[in-house]
Amino acid sequence: MAYPAEFRYTKEHEWMAVKDGIATIGITDYAQHELGDVVFVELPKVGARIEVGKSFGTVESVKAVSEIYAPAAGEVVEANATLEKKPETINTDPHGAAWLIKVRLANAADASKLMDVAAYEAFIADKGKEATA
Amino acid sequence: MRYLPKSPAERQEMLAAIGAKSIDELFSSIPEPYRLKKPLHLPGPLSEAEIIEYFKARAAENSFGYTSFLGAGVYNHLRSVITDTIIQRGEFLTSYTPYQAEISQGTLQAIFEFQTMICQLTGQEVANASMYDGSTATTEAVLMAERLTGRRRVLIARSVHPEYRDVLKTYAKNSGLQVEEIPFAAKGTLDTRALQAALKDDVCAVVVQSPNFFGAIESVAPLAESAHATGALLVVAVTEGVSLGLLKPPAEADIVAMEAQSFGLAPSYGGPFAGVIASRDKFVRQMPGRLTGQTTDSEGRRGFVLTLATREQHIRREKATSNICTNQALCALAATVHLTLLGKEGLREMAEQNFSKAQFALSELEKIPGVRRAFAAPFFNEFTVELQRSVRLVNAQLLREKIIGPYVLGTPYPELTKHALVCVTETTTGAEITRFAAAVRRALEQPL
Amino acid sequence: MTDKIKKASRHTIQNEGLIFEKSSPGKRAFDLAPLDVPAADPAKALGAEYRRAGVEGFPEVSEIEVLRHFTRLSTWNFAIDLGMYPLGSCTMKYNPRVNELVARLDGIATEHPYQPQELSQGCLKILQLLEKSLLEITGMDAITLQPSAGAQGELTGLLLIRAYLERQGNARKKVLIPDSAHGTNPATAVIAGYQVESIKSESHGQIDVDKLRELVTEDVAALMITNPSTLGIFEERMPEIAAILHGKGALLYMDGANMNALAGVARPGDLGVDVMHLNLHKTMSTPHGGGGPGAGPVAMKKILEPFRPAPILVEKEGGRLALDFQRKESIGKVKAFGGNFGVLVRALAYLLAYGPGLRQATEDAVLNANYIRKHLEDVFELPYNLPSMHEVVFSDALQKKNGVNTMDIAKRLIDYGFHPYTTAFPLIVPGALMIEPTESESKEECDLFIDALRAIAEESATNPELVKTAPHTTRVRRLDEVAAARKPVLRWKPAEKRSESAD
């Protein structure tokens, strides 16, 4: 799956897209592959505050739980309700329909600290080499 | 040794294959000074016959031949040959937790049936595969309420089993939970005014037991309403499962913590029993303990698996919902078989017999001058009486007539100095009840 | 390939629905003696406020149907009684049947925990003899038999440590746990109110003692160690580890899950352990019963004795035994009604059968593990090659090259007539095959197991698909765990009745 050029990425495999001060946050295709079939997603409530680097939710597969770390600080304005009924969307469309939360950014500069697509692709390519080494 | 399937020659052969000169070589990683030089000082070895003889001799030093009126959380109910036949089948007795679903379908389906029956009994939507016992299930229910509400104050009725409260306090001590006790009212049930006064929006759980430790039946629905009004959850502990064959289930509770000992498990001097937690579907992810779920195999056949395992310690480690690994699978299986045998009619009839016999026992005791019913609240198979004399003295007299008298409430409740908790079940005969009443009368009439 | 499967063949297995699906109103499987007292009318006495009509949906079947139902279910299980059950860390050994008999005796099973102590001397003597025996085996000073199972034993142990440190004036903050530890350890430490700090194992799978020395500060309450570790390797520097902790006023907790490697050979008490739990359902052969009940006694050194859960067993003048509830410094109760007495009875029966000969069981367990290791180490990777004690841990690294992982191999073992080994553990070995044969396996059974795993290793290279789709001979094939977790169905419900107004 291609990694959208307009997204920013973290080393914990979250992506973030910013428009008009609102950031949409999700996990990457690489992350969903590592997790396997997702069975449950736990997201914060609207109005919750998230902080950079702090866990704001979890994604569960049958035998693993992954924390999701906030790539930026802000206030949650929407959580993706479809994931409650259809967590498998994360496996099929991680960069689109399976966005996790939308956040009103507290600090617009947060986004610029993240990797761009080239850096992220290089980062996961390195990871792949580690795994087969 | 009869349990070890090796001849001396085979041991030598295996050592040779490994390339070790002696068995000691296999223990070479234990530093020499720490290896035991002499045999353990243990009794035995005993033959099978000697083992049986030893335990028969111990059994003879116990209460064999006495009639008992003790309940207080451990009940003497009928058990069935069928239940024992099933749980002694090696396929159930000698298997492990059903992680390998393809060769554990028997255990898994039985647990699924157990979960279903517990839901039917309690009026709840989901039940786990069992926990240690009623006391730890009650504690786990409180911890679950804490996770669900994010609050730290617990209001527990003093009429909850004293040992259940003790266990909760042990667990609460280091987890920042603040446990407060709510007194009981004159009729033996929870003092609702005291509850109202203590209920604030920092309370995670209100915990009651029904029938409570004095035998009194609590009205669950209004208690649930009070708890919910402040955002607290209502936890109902059930120590006497047979009562659910006759009494309204605690359907309004948010969490039911139950002891299943009454369903085919022997008193066994205190264990093993089977605790279980039942709750609402929406709370299932905060529920501790194992869960069995229905699914299909790769060819579309129905099958069962342990599911939602990500709540458990082997995956979550320090973030798990509980540190418990073991459930009480074999005890839960016994309860499942027992409840299946009883069925709808049998359970109802058993419950009604308990009820009738307790009513009869009370009426026989009330005829005695110096015996008074202590609490007006309705009861199931246990009730509290106040005696004119110390219960201990009366019990000492009863022992001479080969009767183990009622539970002495004065021990955990210093204000109930002359109060006794009497229990009768379907196993207590009318004649035994009459004999008991006569013995109590004599004990009270005897000059001091 | 089937010619290689020597231990198992196919056999007709019966289908069986859920008991609720067999129910038919009016059938019953249980009769009570007629009521011999006047019948009280619950409707009148209780009224509508408290009374229920009946338990909706409860099964109504006859006795033979109950017996057949559960007997059929039982045939879908694998069990120690059927063959080797080499689950690492679980110690699936023979469960002697005489233990079942004695636990059911009248006068043993029938006793009420609140009956007078003078009528419980037999029970108390059993507990006393078990206490003494376990103290002898562990080399400790005092013991509590109250904890329900291992995890509760761990908690009890940490609460004892906490109480002891509190009396010294500082409960401290952290508990150190090696990365090879069982997941229960960290979960328990949190419940005891401690933060968890993980210690990485050094390259041979042992505790990194230099690292430990750095980590042990005045903030550390205890180290929780499993010895032998979950790799089946003895921590050779145990006494030194104990000294490091004691030097800083911290204590050493030992997870006794692997006592089957030590009983009669070495004693944790001599190695510097301050407190430990035992899993009687592992080392002392009480039946696992599909996941419990267990018992998790906690043995300790003298310094922790005052804090034991109440009541404790005491011997009075003339040899009379009693329970002492008046324990001011006790951590409290961890379970109602004392320990799982029925389990304790079975454990004592087991120990009586062996006596000092218990050492032979330990030796045979270690012999079996090493024998299996020797015959498999050329076909499976051995990630840590220090000497094995009672279990051996391989990895699937060689088979992974053909896309076969440890779970596939485990499932294929089922076709060969064996229960799988442990797969998900220890965490420091990716793709682990954790094999604990126990002393209960004959040379013949070990040989069959070795042949089976060698055959599967070969299949993994020549016909990986066969392994990846195993098991092939079970009643159900691999089950859809994803669907089970996404849309949990956790209870049976009656089929929806068709509404009359529906078209």
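As written, the chain order gives the labels A, B and C, with residue 1 at the start of each chain.
Assume a contact is a pair of C-beta atoms (placed from the backbone, for glycine too) under 8 Å apart; a residue touches a chain by one contact, two chains touch by 3 or more.
Everything numeric here is computed off the predicted structure, so don't read it as measured data.
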item	value
More contacts between chains, A-B or B-C	B-C
Far-end chain from chain C, centres as C-alpha averages	A
Gap in Å, rounded to a whole number, between the CA centres of chain C and chain A	38
Computed distance of Cα centres, chain C from chain B, in Å	20
Inter-centroid spacing, chain B versus chain A (mean Cα positions, whole Å)	45
Set of chain A residues in contact with two or more other chains	40, 60-63
Residue list for chain C, restricted to those that touch at least two other chains	424, 481, 485
Multi-partner residues of chain B (each touching 2 or more other chains)	310, 315-316, 319
Touching residues on chain B, where the partner in the complex is chain A	285, 309-310, 315-316, 319
Residue ranges of chain C touching chain A (in the complex, touch as defined)	424, 481-482, 485-486
Contact footprint of chain C on chain A as seen in their complex	37, 39-40, 60-63, 87-88
